[in-house]
Structure formats: C-alpha cells, structure tokens
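What follows is a single structure, written as structure tokens, with notes after it.
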Amino acid sequence: MKQKIPVGILGATGSVGQKFIELLSNHPWFVIKEVAASEKSAGKNYADAVNWILSAPQPEQIGKLTVKNCVPDLDCRIVFSGLDSSIAGEVEEQFAKAGYVVVSNSKNHRMDFDVPLLVPEINPDHLELIKIQKYGKGCIITNPNCSTIGLVLSLKPLLDNFGLESVNVVTLQAISGAGYPGVASLDIYDNVIPFIGGEESKVEKEPAKILGSYKNGTIENLNFKISAQCNRVPVVDGHTECVQVNLTSKPAKEEIIDAWENFSSEPQKLDLPTAPSKPIYYFNTVNYPQPRIHRNLDKGMALSIGRLREDSIFDYKFVILSHNTIRGAAGGAILCAELMIANGYIQ
Amino acid sequence: MKQKIPVGILGATGSVGQKFIELLSNHPWFVIKEVAASEKSAGKNYADAVNWILSAPQPEQIGKLTVKNCVPDLDCRIVFSGLDSSIAGEVEEQFAKAGYVVVSNSKNHRMDFDVPLLVPEINPDHLELIKIQKYGKGCIITNPNCSTIGLVLSLKPLLDNFGLESVNVVTLQAISGAGYPGVASLDIYDNVIPFIGGEESKVEKEPAKILGSYKNGTIENLNFKISAQCNRVPVVDGHTECVQVNLTSKPAKEEIIDAWENFSSEPQKLDLPTAPSKPIYYFNTVNYPQPRIHRNLDKGMALSIGRLREDSIFDYKFVILSHNTIRGAAGGAILCAELMIANGYIQ
Amino acid sequence: MKQKIPVGILGATGSVGQKFIELLSNHPWFVIKEVAASEKSAGKNYADAVNWILSAPQPEQIGKLTVKNCVPDLDCRIVFSGLDSSIAGEVEEQFAKAGYVVVSNSKNHRMDFDVPLLVPEINPDHLELIKIQKYGKGCIITNPNCSTIGLVLSLKPLLDNFGLESVNVVTLQAISGAGYPGVASLDIYDNVIPFIGGEESKVEKEPAKILGSYKNGTIENLNFKISAQCNRVPVVDGHTECVQVNLTSKPAKEEIIDAWENFSSEPQKLDLPTAPSKPIYYFNTVNYPQPRIHRNLDKGMALSIGRLREDSIFDYKFVILSHNTIRGAAGGAILCAELMIANGYIQ
Amino acid sequence: MKQKIPVGILGATGSVGQKFIELLSNHPWFVIKEVAASEKSAGKNYADAVNWILSAPQPEQIGKLTVKNCVPDLDCRIVFSGLDSSIAGEVEEQFAKAGYVVVSNSKNHRMDFDVPLLVPEINPDHLELIKIQKYGKGCIITNPNCSTIGLVLSLKPLLDNFGLESVNVVTLQAISGAGYPGVASLDIYDNVIPFIGGEESKVEKEPAKILGSYKNGTIENLNFKISAQCNRVPVVDGHTECVQVNLTSKPAKEEIIDAWENFSSEPQKLDLPTAPSKPIYYFNTVNYPQPRIHRNLDKGMALSIGRLREDSIFDYKFVILSHNTIRGAAGGAILCAELMIANGYIQ
C-alpha cells in the first residue's frame, strides 16, 4: 500500500470516536483526514472540542484538525461511525448515499436485511450483502454489540466442529460500554446494576445473524436457542461473560479447547494490521480470564477463555473476556474495513 | 425474657466474628460474655487483639473483654462460630461434646446427616435433627453458604406454590465474603475474578438439603437440577445472583410475584428479634435490586428480588440480592439461635 | 414538643434533597409536609418523580406526597433547601420574603453580610444576624461547604485554646459531594481528579466568617492565613482532609488532643436531636481516621481526627474525616434549624 | 551494542520483579538470563512459581527459566533487585561483594554515604560514589522511593533556576505501591488510608540527598525544609502529589512552566532506551494531571504537572503525577543501569 487511505470519524469527540482516533493514529493503511461531530463542536480545533478521556495521549496532529459537521462533504473515502444511535441511522444513510463506505459501530442498521453484521473471523462472506445495497459506490457495514462479539467468537468454533443447540449467557460488563459520561459514579461504585437498556435483546438477536449463512443475496439465520442476562459491574474496560452451551455432538473437553486454540480465519490469513495473531486464547489457570489481566491481549483484539467444565444442566460452561471498546467497538470496526480493502470491496 | 442468655463467639477477631459482635452487642435476648480466638490473640483485651474493620464502631464493653482460647471452658450456653474452616470442624465438635449449643457459619458440618443446615424461614423443622446428634446437652447447627441462602429464600415460595424442576444461577459476589484480609486490592480493583474456590460446589449441593423434607430423623433431599457459576466483583457487601428456573406448573408472572411478596414463615410468626418483617421484597423498578441500595433492607435480613421475566430457555429469570455478612453469615446464624430458643430447643 | 413542625424540602428529588428526606423522616420535632422540585417533577408523586439513589429505603409516606413547584405557597414553616446554586439564590429569597425560614445548603447566600454561615457548635451567636435581615417573619440561614465544616470543627478548639495563625489543608473528597449524576464513573474510577470547581475558594473564604466574632450586628472575620487544595477521590461518602496549623501559643500534643476531646458546645448542652453526643473524636490508631470506618460515627455528625504529629514547616499536622452529606450538608442544616427552635428564633 | 548484556532479577516473582520482567523482556541492551526468588520458588519454572498479576502478558521465554535462589552464583553481570526490604540489605551486599552490579529498588542502602541514590535526570554525577565503595568490580546503586522520585523531578528545575527554600507535599498513592498482596481490598475499597508505614520519613529525607552536590567523594545534602503527608487511595497505578514550594527568587508563573517544559538532561542527551523523550510535561487543562490519563505518558517514565497557581502561604502550589511502578520503581532502576553503561561505569 503506497499511499494511505483517507478516513473520517463521525462522532469523533465521543468515547467511541476517541478510541477510533487512538487506534487509527498510527495505522499502516489509513490516515485520519476528517473528524466530525455535533454542531456544538464543529468549527473548533479537535483538541479544544474534545474532553479527552483515554489514557493514551491524544495524537497531536489530530488535535489540530478542525471538527466538521456530520454531513457528507468530508474529504475521505471511508467513515467510521461512533455516532449515538439517536442520530446514527439517518446520518449513516446520508453518507452511504453520497458514496462513502460507512463502517458503523451503532446499532441502527445492524439487523437490516442488506447490511452485513460483520465479524471478520466469522462471516467474511456476509460482505457480499453490500452488493444488494441501494447506495451505488457507498455502503453501510456494521459491527456487533460489544457483548455479542466476544460471545460469537467463542461460539463459532463450537458451531463448526460440534453443532450448536442452545446458549445461555450472563454478562458482567464494563462501564466504558456505556459511553461518556455514561454511568454515574454514584450508581456503579461499590455496586452492580443488573440491567442495561436494550442489551439483552441485542445479545439474543445478533448472534443468529452473524452465525447465519450467506446464500444468494440473503442471510439465513442460524437456528438455535439463546438467553442473555446483562449486568454492569465496576470495571473500566473488558466484558466478562459466563456462558453455557448445548452442543449437537458431545465432544470431550480437550476437543473443545483444541477447536478454540486452533481457530484461525480470514483476518489471520490475510495478516490484517488490526487482526489478533490468534483470535482465541484458552487459559488453564483456574481463575482466568480476568478483565484487568487479559483485556489488552493481542492488541485488545483477542478473546480470552477459561474455566471450561461440564455443566449439570447444559453440556458445558465456560468464561469469556474481551475488550469492549477495542474488539467490541473501534478495533472491531477497523478490522472490518481492513477486510473490505484486502478483499477488494473498496476501490 | 428476664435475663439475657450468655453467648460466646469463636473466631471473634475475624471478619465474621466482628459481625457477630456488631449484631449481638445490643441484642434483646443475648449478651456477649466470651470472645475466643487463636493463640496469638488469647490473653489480650479484645480491643488490642482485633484489627476492627467494620464501619460500625466497636462496642466499648466488648473491647474490654479478655480474648480466650477456643477451648470449651467458656462461661456461656451458646457459641457462635465464625472459625476458619481449617479448624472449625474439630473445635465445634469439642464444644458440642462439652455441652454447648454451637451455631456455626463454617462449612465443615453443613452436610453431616445429623446436622441441620438451617434457614429459619424455610426448614425450621430440620432442627429436629439435633435429637439424633450424639452430643447430649450440646449440639451443632449450621448456616448455609452466603450465596446459597439468598437463592433458597427465592426458591422456597416457588417450590411450595409451583414445584421446582431446575435452577441455573450465576453469582456476582462481594469481597467481604472472602473474609479479611481476603481478596487483595490488586486482584479485584477494576476487575472480576470468575472463580471462588469451592463455592460453586456449595451452591449446587446445599439447596437440595435445605429444601428437603425432614422425615423420621432424616432429611430427604429435594430432587431437582441445579447449576452454579460464581464470580467475585468489586462490591464491598451484597451478593447479586442471576437466577433462571423451570417450574412444574407454569404460573403467570404475577402469581410468582405474589408468592414472593406473601411469603412469611416461622420467624415472622414468632416475631424473632433478628427476623426481617418480610423475608422477600419484590421491586418493579427496572434496574433493581442493587447491592448498595438494597443490601441493608429490613436490617440486612431481607432478600430483594427484581427483573422477573420470561426466559427463552428456562421458564423464568430474575435477579436476587442479599447481604452476605448479615443474612448470609452472622445475622442468619443469630436468627437460627433465636428460633431454637423460641421453639424450646435450648434450655 | 407536642406537635411536630411542618417542613418543606426544596430540591427534594436531588441528592441533597433525598438526604434531607432520609434524615427528617423520623425526626422528633419536624414532619415533612411538602416536597418541591423542578417543573419536570412537579405534579407527580414523589416516588415516581425521584430516582432514589440512597441505600436507606425511601420512606413510604413521602413517596405518596405530590411534588410541588419551588414557589412560596408551601404549607410549612421551615424550608430546607438543597437547590442547585444556579437557581438557589433567587428562589430562597422569594421564600424568605414570603415569610418562610429558609435553611440552605447552597452556596449563594453564605457570604452575604446579614446571613449566618452557621455551625451550631461554633458560632450559635451568629444567628443574631437574622434580626437585621429584611425579610420580616422570614429569614435565610446557611450551612457551610462540605469540606469547610469538618475543617472549622477541628480548628475551633485550637483557636479558643491556643490561637490560630495559619492553616494549610489538602482535601480528598468523596464523589457524593458532587451531587447526582455528578462525577462520571469513567472520570473517577481508578483515578484522582485534583480539581473541584470553586471548592478551594470556598474552603479558603468560609472559615474566616464562621470563626469570626459577632459584634453589634456584624461579623468580624477571623484574621489568619489559609490555603486549600481540593481533590476528588473514589470514595462514596466522607471527606478526608490533611491539615497543618500554626498556633499562637505552642501547646504540647496532649493539650491539643484534650482540647478536641473535651470540646462540647451549645447543641450538646441543648441536647438537640441531630447533635452528635460528642462533636470531635480523636483516635490514637495510627492509620485512623478512614472514611469507610468513621463517616457514620455518632449519626454521621461527629468529626473524626487522627495522626496529630509535629510538623517540620508548620507547628502540627493531623488528619480529619467527616461525612459530607450528613454533617457536611443535610444533617448540618437540620442541626441549624434545631438550634433556631431551641433558642427561640422560630415562632 | 552488538551483544545484549545478561541481567538477573532478584525477587523476580514479586510485584516489582514482575515489572522488571515486563520492562526488560524486549530491552535493546539487556537480556534476562536469570530470575531468582525465595526458597519456595527456587527450582520451579518461573511460569509455575509466579502468581502473575500484571495486565501485560507474561513473556513466554521468561516463563521457561528456572527460578534460582538469591545467592551470588547467577550467570549475569547486572542484577536488578526488587527484594523485600526485610532481606534486601544483606543479599544485595553479598552480590556486590561477589562482583555484581546491583541496581536496587529497595530502601535498605539508599541513605548509605557511599551509595548513589540515583535519578539519572537529576544527579548523574553521584555515580562517582561507587568508586569509593568497597566492593571491587561490584557495586550497589539505588533508586528512590516511588513518591520521592516524582517530587524531586518537579523540584530540580525549580532549584536550578530559582532556588528552593521549602517544600510541602501531600501524596495520594496508588495501591500497587504496596506490592502484592499488599493492601486488602476491604481496607481500601470505598476508602482512604491516611498512613503508609515509613513513607513520610522517606519522602522527607531522600530529596536532600538526591538534590545534593557531589564533591570530592561525598554528597553534600541540599539544605531546605520539607514536610510530607502520605495517603493511600483506591487507584491501581500512579501517585498524585499536591506540592507547595517557597522559592528563593520570585519567578512569574510562566517562568516556572518554562523551566519545567525545557528541562532535559543526561538521559535525553544520551538517548537512553528507557528515558522519556521529555522528563516533564506541563498541562494547562484545569483538572490535569490524573493518574488514569497520564500515568503511562512517555512509556510511564515522564512526570506530569498541572495546576500551577500562586498560594496564600507558600509561593506556589501545583499537582504532580508519576507512574509509581515504572518511573517510581522498575523503569527508574533500568534507566539507572542504562546511564551506568552509557557513561562507562560498567565494563
């Protein structure tokens, strides 16, 4: 790649937008050319407009960019959207219509019949869907919910090797998943909130599409049972999930671990810059995985799994951990864009 | 009750021991006459021996007591045991043999065939078991694990009204459950530990005994399926549990809530001093219950429940919350002793 | 007191308002007759209007009250104001003009020449100021900033016994001091914020007035040097302050401790319901005081002090701790009202 | 540097030892050849012996090393010591006597007259002291206390440019400073501990030596007043310090900021691998610096400063922040070793 591809970020001052900036600021293929946000910020230098909340320092060159409005006259080919769902639906369509490649982290278009809900390791062929989109040169692709993504990564090797009957999941989600300002400290400090608006529904619906099959221009959802319970816990980054599964064949424990450890897919073959070298790590240590220890594994893009054991109601239970703002948001979306480029979907 | 009954506390300097002292220091029926702990503390004033970790102030009169060794020559009728399980088994037997009533919070004797695993609202008749114990005037009764107790309180009205087929539970447990010093701050701050040694086994085994039936000198365990997954979260006090159940009959949501809300039992009828006025509170607020808001409800002795909803795998799911060091430890044990007195088991 | 005095709460749905409700709901002298808040809440039942954030359960009878607008047609004699400072200034004046006794926790009128900045243990005679107020039957009295109040309580016995030359203070303030939603969890979790808007100025200015002398209708400020640095730390309740002082006479350490331990004042003599039995507790334990251990001492109304030691720059240094939403806000204001009644300022 | 220098780590399984391993595992000059720890661990593979607590993954090649005893028969030239102070004094001497270069993070030898207490940006000439040490080819050099180091970095440019009269500091220290297991979660969660054993004394004594002058084989301590108060707060990494200073000349605010921003020293000139590109960053943002945002600045080796403002008792006050386990421990020690090599102290 001789010349870097100019990209823009919609919702650049928000928490997901900031994470896009952190992860893209030294990207080998992309260069941030545009940052766009609400009226309130437009016209200001990014450094003045943003309340930078990341521990990674704000890249100096980005701080000097002028914040634009979220209208489709940005000087770039791809836009990454970290927009709030209250406006993402319409704004993203406008950009797609105007010919931009929109890679969105918002929920609005995820379940649209013609929009890929993409996890590059799982369903790279779903990108074919954009050919039936109505946007000409533009298109919309989406990234799943931050709790869904870890879950489906753990399920894909099980599905492929053993068949999947049912999935029961209870999440312990980090506060960064709620954006900024998000959760009030008085609500979560020394506390658990056993409810996250709309989350359980997303975690119950998205996997069937992601794990579904692309055939002749449509996705056939995977048919299996799923139940989700979602909790917010006082952790900064990293969603932990307790998962139980029923599998069609009845594999031994070691076979399952092998399936996870040997899982490798398109992003690894293509050696995409943001791809983890290994999508899934299984730990034998009895109290692993843990968010503070494992969330940054393999650039924050890997899934950590531990505690696989037989269950008295389901076949097996285990614990998974993934970084909700990297693999579960900005990093996952960037990987999607990389896959599109490597596979020729973006000219 | 004209004269208060003298009681002793075994393991008085530990975290459970301190909670016993807090809860007993103004008790209408009991007076703390003896505090016993390890060799290291014996002979000192309690105030000097203890590293007081509770926010409730240490009662002045207790601070002046001389700490004794944990040998059965204490001047009291009842001993409450907060001993570490590494020594509790033998020490408690010695006290029982010497004629003391031992009310234990330790796991050692819980599953003994002749030892009641007592939750006064659920199985007051299990106290009959002590008649077959081999200790003469003495006896041992036990309190369940701190995660078990909230769970079985939520299940008892379901069992009685609708029949219980299977139970799936994922816990989010407070750090105080691990005692003191317990969990290192570096291990739990900004973190989740998805493992608590021995806990899942306790939560899977104890309910069948507690919910079982006393018949002719033995307990017939309840026959149902149960699976538990236990996590430590950064919360000081209060265990949250995500519960799913299959019920024999298929009640409507409102019937279940009624069963919980109307649940009242022996401790309430007897108006025991430590009994909650209502054992179970159901909340309609969508994000309730929460540990910091509900753990102290009804003196920390009540169970809070919320989020009852239909499930796609089980019949129903809901969230429960109880105070692990009050209802789940010291308070629960004191209630057991009160029941024994009210029902004439202690002369 | 045969009949309880009807009181109202302005800003009743906010965090300070909720604390007023908690502390007044079983008050021996006052009964909450009115709850008032913003347009948005007015007309609703309190239970529906409020997002209850306290761990103490919401009193049932208050939940049924209809929330009123903050206009002076409430059916009560005294109003406690937990209003936001953006509107408190004007609303409180309107109530005073209409003949209400306004006891305010807001900053707006604290430094007015004719408004008492009252700490009942320190300057009960400052209440005389209300006689020069222009409000007829009505009046305004104020409570100091939540960090000021602990500080001046520690200074008063030093001033009286040894003379006060200069005070240097660094605070470590709890998140509840910022109200609700207040501090975002992403801002304070695993973090310190070394800045609280306007706080250092309040802590540097208020003590001179509080410790000043009432003479012939005016307050003569105390003349001494003071410097404050204010930090927010991840603690729910309880402000810790590191204090250094220069004293006029050079007392021994034991003399200072005696001065604190023997300090008792008007609220104690009058046995006011909300007064701590002892205003100041000194602890010899080397790592005391601590917010989680001491904040609730003596109903949350006492000041805890520890670590008095000689300093190499100032004469002495020590650590203080007080409950910022009880002594430092709602409880302190209620104590002011009690003092007014006991001393005949309210008919 | 053609060939990497073999180094060993004493106390390799402890929290400082782990940080040494993290920071040295890809070092351009050093290669970890030996890991040594207590009897308990000796003989095991490092991966089996250690309870790895860092979020950075444990380097695979180190996990395979056999843990040795802390006796001077290690195959390396330099040893980095993260030993507990209960044994560090003697063990380090044994290694020095045996001809090893000992770079220690322990307190034991810091104040020895012939041991450099080294901060490479401040007193590189103090290394001359090792020439009067009695160890032949071996030597001991030390790293300051984790709170001292940030403080002296902030003071050095003030001293050089304006003269230093007195320093008042209050620290808010992270839990990782106490090692592992260190602070119990029940002690620090939702709490502040206003005491750290021995810490205030270190912070009051070490700066005079570090800022002192090397002349003819001895250090002449800097003569100035200093007072320290040390607190533990619930932050994982990063010590915040509120500092007040009196300066000999009375510079304007901008002059001070310039002195900090332009400060650069030996490690920067020598371009040492672990040196921050800039030792001090001054932030104008009103609520900066903050531990979670700034602790990792410039590889965790830079000092962040903010909030410089005039003070009513001292000349100026400001807030500093540095990473206690990188700049304040392992990283600082590695920088010392790099300086020794670059300046020819190690052959």
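Each chain carries a letter (A, B, C and D) given by its place in the written order, and its residues are counted from 1.
Definition applied: a contact is a pair of C-beta atoms (placed from the backbone, for glycine too) under 8 Å apart; a residue touches a chain by one contact, two chains touch by 3 or more.
No experiment lies behind these values; they were computed from the predicted model shown.
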Farthest-lying chain, centroid of Cα atoms versus that of subunit B: D
Interface residue identity across copies subunit A, subunit D - same or different by half: same
Chain pair with the higher count of C-beta pairs in contact (C-D, B-D): C-D
CA centroid of subunit B to CA centroid of subunit D, Å: 47
Between subunit D and subunit C, distance of the C-alpha-averaged centres to the nearest whole Å: 42
Touching two or more other chains - residues of subunit B: 53, 189-190, 234, 236, 292-293
Subunit A partner contacts - residues on subunit C that touch it in the complex: 15, 53, 175-176, 180-190, 234, 236
Subunit C residues within the subunit D interface of the complex: 166, 168, 170, 172, 189-195, 204, 225-227, 229, 231, 233-236, 240, 242, 244, 286-293, 306-307, 311-314, 317, 319
Residues of subunit C that touch subunit B when the two form their complex: 52-57, 189-190, 236, 292-297
